[in-house]
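Below you'll find the structure I mean.
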Amino acid sequence: MTLDIRFDFERRDRIGFIEAIWGADKSIDQLKRVSKEVLSQKEVVFITRVSKYKAKHLLGIHENAKFYEEAKCLIIGENLKKISSNKKVAIISGGSSDLAVTLEAKLTLEMYGINCESFIDVGVAGLHRLLGQIEAIKKYDVLIVCAGMEGALATVIGGLLPQPIIAVPVSVGYGVSKNGETALNSMLSSCSPGISVMNIDNGYGAAMAALRIIKSFS
Amino acid sequence: MTLDIRFDFERRDRIGFIEAIWGADKSIDQLKRVSKEVLSQKEVVFITRVSKYKAKHLLGIHENAKFYEEAKCLIIGENLKKISSNKKVAIISGGSSDLAVTLEAKLTLEMYGINCESFIDVGVAGLHRLLGQIEAIKKYDVLIVCAGMEGALATVIGGLLPQPIIAVPVSVGYGVSKNGETALNSMLSSCSPGISVMNIDNGYGAAMAALRIIKSFS
Amino acid sequence: MTLDIRFDFERRDRIGFIEAIWGADKSIDQLKRVSKEVLSQKEVVFITRVSKYKAKHLLGIHENAKFYEEAKCLIIGENLKKISSNKKVAIISGGSSDLAVTLEAKLTLEMYGINCESFIDVGVAGLHRLLGQIEAIKKYDVLIVCAGMEGALATVIGGLLPQPIIAVPVSVGYGVSKNGETALNSMLSSCSPGISVMNIDNGYGAAMAALRIIKSFS
Amino acid sequence: MTLDIRFDFERRDRIGFIEAIWGADKSIDQLKRVSKEVLSQKEVVFITRVSKYKAKHLLGIHENAKFYEEAKCLIIGENLKKISSNKKVAIISGGSSDLAVTLEAKLTLEMYGINCESFIDVGVAGLHRLLGQIEAIKKYDVLIVCAGMEGALATVIGGLLPQPIIAVPVSVGYGVSKNGETALNSMLSSCSPGISVMNIDNGYGAAMAALRIIKSFS
Amino acid sequence: MTLDIRFDFERRDRIGFIEAIWGADKSIDQLKRVSKEVLSQKEVVFITRVSKYKAKHLLGIHENAKFYEEAKCLIIGENLKKISSNKKVAIISGGSSDLAVTLEAKLTLEMYGINCESFIDVGVAGLHRLLGQIEAIKKYDVLIVCAGMEGALATVIGGLLPQPIIAVPVSVGYGVSKNGETALNSMLSSCSPGISVMNIDNGYGAAMAALRIIKSFS
Amino acid sequence: MTLDIRFDFERRDRIGFIEAIWGADKSIDQLKRVSKEVLSQKEVVFITRVSKYKAKHLLGIHENAKFYEEAKCLIIGENLKKISSNKKVAIISGGSSDLAVTLEAKLTLEMYGINCESFIDVGVAGLHRLLGQIEAIKKYDVLIVCAGMEGALATVIGGLLPQPIIAVPVSVGYGVSKNGETALNSMLSSCSPGISVMNIDNGYGAAMAALRIIKSFS
Amino acid sequence: MTLDIRFDFERRDRIGFIEAIWGADKSIDQLKRVSKEVLSQKEVVFITRVSKYKAKHLLGIHENAKFYEEAKCLIIGENLKKISSNKKVAIISGGSSDLAVTLEAKLTLEMYGINCESFIDVGVAGLHRLLGQIEAIKKYDVLIVCAGMEGALATVIGGLLPQPIIAVPVSVGYGVSKNGETALNSMLSSCSPGISVMNIDNGYGAAMAALRIIKSFS
Amino acid sequence: MTLDIRFDFERRDRIGFIEAIWGADKSIDQLKRVSKEVLSQKEVVFITRVSKYKAKHLLGIHENAKFYEEAKCLIIGENLKKISSNKKVAIISGGSSDLAVTLEAKLTLEMYGINCESFIDVGVAGLHRLLGQIEAIKKYDVLIVCAGMEGALATVIGGLLPQPIIAVPVSVGYGVSKNGETALNSMLSSCSPGISVMNIDNGYGAAMAALRIIKSFS
């Protein structure tokens, strides 16, 4: 009663991006099969939310596989169809605990050849840290803002800078932080105009939203 | 089957404050009776969340009654046992929509003879408005911060100033603002340390928390 | 005890947009005062979520005021600093019940001089209606997708087209629709990559997110 | 203080189906006792949500036991009273992560002798995958649609095909997916008419709903 | 800036049913226009959740319009393409407060020519009332079970009878009834197997689910 | 398409109590019909949650009807089958805002001939008020405790007195009081042992729980 | 920085019961100290929710300790002050998965010398199982009803029998069962009158509520 | 792709306190690096919510590190800039299960040189335990009240004493305790005036709120 996985290869033609593989709910066997199939089509394999344990099995098979432990991502091969653009993305983060989400976004952008820079630990509890970086951040074309707890960082940046802002709530905190739900609702209710929001911890999605902008406008 | 209301007159002796009367769930008849009883004890009547319609009935009876429509509060007589202190409270608010809550806090403090000042519309979406006032705010002894939507104002102030901060979430906004719940959770999860929080729209409670501090430490 | 409203005039300088006025929680008097102040600075007045009743008072004062009843928006004067761009926005909507949200987005974009077109009633329950329009929609640079109930429209479009997609959940429906919360969560959990999401019914915010993109990339 | 389990043997007479045994909350000892009792009545034992560990203990006792690991189901013996019908059920699934739920439904249907086919990975993010299968699916009499994340698959199929549709939300996803709650609410609020919904991950229940239809109408 | 409503006329061809018009969120003007358009295609107009006030406007225009006040439905013209089947539907209800939901289901079924009967006030708090009717209910081919409060009726019937059961939670009750949410969750978690569930108060949807079964199996 | 209401007359025989009529969701016409039917069986009519407006219609028809406005209850005729017991119930309430719930319980008990007394405004914010009454309350056989806001009254009484305690959360308060949900959860999580809890505002139910005890144990 | 635990020995005098020790959140060391202290006062030690691992440590110290693994309770010594009453309690349960809760209630009652009997697996999905026992259950003085999933058992029994009913929702089930929350809300919203409810899984509390009744009325 | 952590050293200048390090979401490597950096600035390292396992690694490196296992806190070095004040803080707790939260608050206060005392196990279920300590508690200047379950302790103390009260809900309990959410909402809705509330389990934050008061008013 084996049931085959069908990969969405045509996505590349339709929207210009390949399908990423969600590693958390797949078995090692499923990951092996889908990786093999993707590679046979000369496409890059990009697996997100993959545990170290699962990653080891794939690293053992594919020489050109690379596991990014802190980002929980595994890449096999290389994405040959990069986006040609000189646009740059800044990934801004409220605290060092947001690292995994930040790195997932960074890896995704770099896989498509997009230049990006991280601005870590510029949370609003120490406003000077943010204000000291604001001139540097101003030079980037799209801003991805990751923040847990109360997520106020997105609002403050949204009031200071005119670029497209993609906010990512992070499941850091305790009690009423509710695994990122408070940061999410806070970002959606922001009094700064035009901030758009992703699902909790969805660094990959934020990168994709940035790529949609860069690809369409370059 | 009439049931009498018993007012907590001894509260003055125990904790130094009189009981405020919650006007929203009481009938006009109940408000009349309890007011009469309180006045007969030479105490001031302080009713919160009272509608214009209910207020009219009490204004018709008591010459020394005063209705504060925007604050939805009604005061009959005067509080003769004020708190003797030169401490000052700043009430800071993110937007003009927080007015009713702000005023409820102000009225309460003034009834006890405490000096207070309002700083309105200093929301974080326009950070300069806040930063321009920060030196002025620094001079106050207790800060009450009222904010709706994502409530980021409390976090930003908490990171800039050392005073006691009492945050009041306000039921302004729509959608995921959830009638103040998002501002509440945001304030409770604040990455700025030592911010204490009141129930949604509880301007009266914030003033009482400030009064507890001032009374105990003056 | 009157408290003045301070308008964020510097926002124009910082991020290039003016502050919109949230009409729902302001009194007629507050709306009058803030309008007068904004006009005195030669800026356009843009009030959202304003009732017909409140609008009448402002229409009586300002000759150049215009009320858009279905969008619940009121504009006084004209925005003289438009964005110069030939980029176009498509506003796509699942049902005719989403009209108010759709129109709020449209008005906002047009106020900044951006060309936009509405594609109404292309819900996924009748997939052919959407597929019949997909070639037309393909020509637009940014897509705003409004949908209530289960919000599946954003996912289907996200899988078919490569542009930036700004999804707006709409508070249409009953029972577990939960006033737009289900559409919101559905859009945030979308299996199509890179869809960014706004607060429920936030047509204005979606337009602002599109303007951020167009302004930064034109 | 041993407390006996009483199995609902009369269910076969009343509604034509046997009771399945919910394995998750039962101890190995309880599973052993109830299995023995059921077998002594010449009925088939069908245990759902049973771990590999618990299954091993039963496989060691009963030669004719079979454990379906991916479906987390264990069957001992054979169901001798099958439903005589040539009606067929299609089980359609949005992603390979829905596999366990899909298989639970499939096993249940096959135990009653009903012909069924799985259509896996036809999620709406790649609409062509679904549209390419729609003619094949059209030939089935009842459709079970399993989907996690935003659950849009049920709506799209409901708008394209006239058969009875039983939707099963799956607890796949993260953040606002809320362990299947978003897919559930999405399916219940579907703008496609007449879709009926089961509890999250309830593949067994979906099969039972299909069996009720087939049994009553064959 | 008028935006046309596009009706899904092809739905009849695809799935055999016409689109019902959701009256609650549409303006009188929108209802007038869509009704006119539907009638021009020789189709029946079926509007659900329409207020008495809105209905009056349509009754004034169309002679062959009929308003069912308790069901909050309005029908203009006649559905000429009925379903030819001798299958019968029983609509069972826990209390007289569920009337509107019950009637909406009944009207929908009758519009398609399906024979149906209502069994009202057979709630489980008085089990004998239900047991006294069970033989009569047994003769129907599909059972629609409407219940508010704790929704236990669906479970009890599901344990007694083998037919397809479509459960409709009703927004009757107070406190933790949560406008039907408790009945909904209760029906979804039912310990009786194979009960499928609709959105809260969705009598129309339940009828459509029944029609899908009857149409496919007759 | 009239649908008759069937009253549960046999409830008197089964459990010794008559069915109360829930007035909130019934039309005037339904109330008239069910009242007539109940009276024809020589039973007392007891309607809860009935508005003044609906009550007037019934008062106009039945001479022996009595409307208790603050309790929102209407009684027609007299309950002739009272419970013979000398047991007494104390109804204790945290604030005068809980009045309607308190009175609903009182009326229900008195209809069955049970002696009861109200202890109003003994909230825990003024502990002395409660402690001053504790000796008096000690003499009652069953305690019904009604409280809104944080519902702490039930816990304090539960720690002081040994009688059966039936706690009723009341939908008084604002913000996180959540219409009684916080009081409900607070009572259910009480650190005092053996407190049993009713639905929010369910004064009638609390009286019925007390009657079950008194009837079974007298 | 050791902090002593103070046991509430006076509870026995005030309300006649001893304090049970909540084992889940206490360390082994804390359990050891509090047990020693309680025993030194010649009282029985009754620990609930204690793991096998923690229990072992206490069994090693106290010869007269007994661990009830399925109930997760540990008793050291004997309760010498039993309640003298011939009243009997029936503990009725919907499924064998409710066993731990059922046993916790049983142990508590027996510790106070109260006669009780368990009726297991009489869930409403197989109504006959319940109806077959109803005459037996009728003979008991207080009914404790434990049920998970949709909790309908309490409603059905409440409609059939006149005794005091204490309902205990059980955290059995999956998906929308929400760890017992659905059963809880279902029991609180029951259409059967006078059912009182405990916190989820609170078998101990249910027994205490029964003991309050029996003690006060015997 | 290493990303540096930037510590907020200027916080000491702005608000007079150092930044505490949230240990739960940081890796051992991150903790090592940030500790080293902080020590190099002659500041004390204060890590909260740090596991025994992580603590061991730091204890191995720093001789002057001390791990407080029950408080889950680790301190390296000494805070040389204490607050000079003779004000005292009482930390009052409802049960011994609140220990970790209580100790986190105590450690924080002592690090700043503030005198504080713990009052443990004075829960309201045994009111006499609290009343017996009330005279002692009266002598403290600020009260921190920690309580889980229904959190009634804060309300009772708030009604008895005039000092500033900082309430900390604790995630102790089960079922509807909801990991501290019920205690939180209970404290926020308290009928005692002027109680301010912290996030669930936030002992550190409560201490910081107390320090803000003491520092500003000494």
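By written order: A, B, C, D, E, F, G and H. Residues from 1 in each chain.
Just so we're on the same page, a residue touches a chain if its C-beta (ideal position, glycine included) is under 8 Å from a C-beta of that chain, and two chains touch if they have at least 3 such contacts.
Since the model is a prediction, treat every value here as computed from it, not as a measurement.
Traced through touching neighbours, the fewest hops from chain A to chain H number 1.
Think of each touching pair as a link: the shortest run of links from chain C to chain H has 2 of them.
Counting the residue numbers used at the interface between chain B and chain C, under half appear in both copies, so the two copies meet with largely different residues. Chain pair with the larger contact count among G-H and F-G is F-G, by C-beta pairs in contact.
Ranking every chain by how far its Cα centroid lies from the centroid of chain H, the top place goes to E. In terms of the distance between Cα centroids, chain B is separated most widely from D. Averaging C-alpha coordinates per chain places the centre of chain A 56 Å away from that of chain F.
Rounded to whole angstrom units, the spacing between the C-alpha centres of chain D and chain E is 27.
Rounded to a whole number, the gap between the C-alpha centres of chain A and chain B is 43 angstrom. We define each chain's centre as the mean of its Cα atoms; on that basis chain E and chain F are separated by 35 Å. Chain contacts: chain D has residues 11, 14, 19, 95, 125-126, 159-160, 175-177, 181, 184, 188-189, 193, 199 touching two or more partner chains. Contacting chain pairs in the structure are A-B, A-C, A-D, A-H, B-C, B-F, B-H, C-D, C-E, D-E, D-G, E-F, E-G, F-G, F-H, G-H.
Remark: chain B residues 94-95, 123-127, 149-152, 155-156, 158-160, 173, 175-178, 181-193 touch chain A in the complex.
The residues of chain A lying in touch with chain C in their complex are 11, 14-17, 20, 87, 141-142, 159-166, 184, 188-189, 193-199, 204-213, 215-217.
The residues of chain G lying in touch with chain D in their complex are 68, 70, 95-97, 99, 102-103, 106, 118, 120-122, 125-126, 128-129, 172, 174-177. For chain E in complex with chain C, the residues that touch the partner chain are 1, 3-8, 10-11, 14, 19, 22, 24-26, 30, 34, 49, 169, 171, 179-181, 184, 199-202.
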